[in-house]
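Structures given as structure tokens follow.
Same chain, two partners: chain A is paired with chain B first, then with chain C.
On to the complex of A and B.
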């Protein structure tokens, strides 16, 4: 057995975190990406920049501010304590919230690109065919931007699996609660358990390669279909 | 139904553009909105559809108010029973032809359909395309499907925005007969935007000439085309439209005679049937005038007419002369010097020599 029970627990937690993050982000990012793709508001540029920030910030910076705001003295921490939820740092909930923010641009940008590529015309056509805007969104925009959703989903999932700095800052490294694959590898290396580290690290390399290969095959198949 | 049941009055203000139109549409038939690009033709359609918000607007179709800013009524596009055919193929790429047709049809309030879907498919000859993917259709087929999709919603008004503009000449010729069928068989008004003179001559029952957001001339097509007081209309292609009936075919010389209100004209026989109603187009540059009967001329079509009015053409050397020929009007483009030399004035009897006549359907 190449994986210890600790390893398996970390893998399970990683998959759980990535799946939840992907599912929640696709729902949350859709209206945000739609707004960014369609608005002419002067808030478009600043908000677009804020959404992209996690892409360029060092994960430690993000993790640090999350730790401060979510902690007992931060304003979100005060709120969660007031609501009787305790504080989020060093819990799975805190890790999930951090992942949502950390992976936000990876969900928003493919969706925004897809929505922009569709343009306003199909919606106008749908409106002249008696479809309300909401109806048109679900029956025209969503099917036409399916590729954007697949890309957003894959990128978000893969990026969440690969996060390390934010996890370390906000999650600590608590077995079964916040210890994911990337931090588990770190632990193995610290303990000089190189064989264990090799198995996990190698799995990550393979996983990432398969994801990127799948993504590029998917994109190529779609461009071929286009006239 | 009386014509006042279809009224379109709207204004639209853009930083560099002001649109003001007031139209009454006939109960059925094609009304062509004609004008150069930037004259506001497409804006009129978009405002009628509610895709753009006109102000001070009244849109009443088939007696039903779609928009009346005076009483604060504005139906959004999806509540207006209209069909809209966009300039470029606007079919949904994620649906096949059948799916595209069904999209609007199943969102239309049920009730006795004025046009059954089968009849629409038949009318546009797209029965064999139903299972096709949209990507497999030619440009002409796409537009026919788009028209059918619009008609499947049982519209009270069909809006067509340069439906042939994206097609090459051969495809245009393919689809024009289908549009003529629509005009003759549908019992709803159609508002058709174009800047192509041949489409005007072939399709228009009535014509609205638009220039920089304002109506320059409006009325039955033959009347508007025969106007010379507005420099609108068709420029180099200025000319009259005549409605006539095929009266005789000359097998020896392969010619056909068409009688119209003011006489008859011989033209090339393209296999017409005697008794068939046809539209003839006589361009102003193909009509010359003489004050005496011209003898020994190669021109076979000679009509006795009366000068109705004379206007200066775009270039000062040219004049447009309108002559009345029975109930019909012909236009003649001659030099201003010829007008002076011949002493042409309104009321003067002239011989109009018609060098060329084109059959438009």
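On to the complex of A and C.
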């Protein structure tokens, strides 16, 4: 067996984290991306920049601020304690929140691009056919932006699987709760368990390659269908 | 104002002295165990003033440094958090033979940023209502291993294990406790001691008989064979001046 029980639990936890993050982000990012694609508000540029921030910030910056604001003396920490939820660092919920922030641009940007590509015309047509805006969104926008959703989902999932720095800073390396594949690999390498590190690290390389290959095949098929 | 001949000679003398100083001064790159961060920063300043050599410091976990050194990291001197790692490097022929010595004996402390949480007998471990207790990863950090040994001897490991949060090294463990994210944790006395006193929060100094002594060894690495600064720093660590700094941070010697 190339994977120890600890490794398997880390793999399972990583998949759980990435799946939940992807599902939640697709729901949360859709209205945000829609607004960014449509609005003429002067808040568009600043908000767009905020959404993109996690893409360029070092994970240590995110991890540091999360640790401080989610901790018992931080304002979010005070809020969660007031609500009886305790504090979030070192919990799965904390990792999930961190992943939502960390992967936000990977969900919003493909969606925003897809929505922008549709343009106002199909919606105007739908309106003349007496479709309510919500109707039009589900029957016109969603099918037309399917590729954007697939791209957003795959990128978010893959990016969350690859998360490391933030987890290291707010995770606390707890089995079954915050010990994900990337931190498990780090632990193996530091403990000089190179064989185990190779198995996990090699699996990550293979996984990432398959994801990117799939994404590029998907995009090519679409561009061929739509000349 | 015409520049006098004497003035020129003075300038030339100063310049030559400066240059020759530069030629003799060397740079030593040191891998320092995270628990020794604060004393080493002080020692490095004193070392540079006293010898003219320059010490470039990198802080981290001993386990990581070991892996990096085995894979060709350009460090000249290792100040480990244990005595096993330098011994292993010795055996693998990655050191200057005979250069190994103990530079400090570490002291483990149970510490909380909250005043009054940790009592002087450590009863808080049995009775305290805390959600999380931080320690360094026992697989990677000697202070973490000592913490687990202490809890095992006290018979508390089974009850407390589920509340563990592990720092990657003792520096991160301290940060978990200092930010209040863990109510208390096992850290190095050197991290909470300033000028011989614990100035913040509450602490229980773990009695030395509860765990194997944390003997911290230093060793000169083989790529520093001809580095004068590495030998100078190794000697400097054993000087009275350095020892006084080390003791002020709560290490035994």
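FYI, the second predicted complex is superposed on the first by the 227 of 227 C-alpha atoms of A that agree within 3 Å, B and C clash if a C-alpha of one lies under 4 Å from a C-alpha of the other, contacts with A are read in each partner's own complex, and residues count from 1 in each chain.
We adopt the following convention: contacts are C-beta pairs under 8 Å (C-beta built on N, C-alpha and C of every residue); 3 or more make two chains touch, one makes a residue touch a chain.
Keep in mind that this is a model prediction, so the values were computed, not measured.
When the two complexes are overlaid on their common chain A, residue A:151 makes contact with neither chain B nor chain C. Of the two partner chains, neither chain B nor chain C is touched by A:80. When the two structures are aligned on the shared chain, A:143 is found in touch with chain B, with no touch to chain C. When the two structures are aligned on the shared chain, A:121 is found in touch with chain B, with no touch to chain C. By the document's definition of touching, of the two partners only chain B reaches A:130; chain C does not. Looking at the shared chain after the overlay, A:182 reaches neither chain B nor chain C. When the two complexes are overlaid on their common chain A, residue A:72 makes contact with chain C while staying clear of chain B. Shared-chain residue A:174: touches chain C; no touch with chain B.
Legend: residue contacts after superposition of the two complexes on their common chain; A:160 is shown touching neither chain B nor chain C. Across the superposed pair, chain B and chain C touch chain A at no common residue.
Across the interface of their complex, chain B is touched by residues 121-122, 124-133, 135, 139-140, 143-144, 146, 225-227 of chain A.
Note for the complex: chain C touches chain A at residues 61, 63-64, 66-67, 70, 131-132, 134, 137, 139-140, 164-168, 172, 175-176, 179-182. Taken together, the chain A residues at the contact with chain C in this complex read 67-68, 70-73, 86-87, 89-90, 168-169, 172-174, 186-187, 189-192.
Every residue of chain B that touches chain A in the complex is listed here, in rising order: 49-51, 76-79, 82-84, 86, 90, 92-94, 103-104, 107-108, 135, 149-150, 153.
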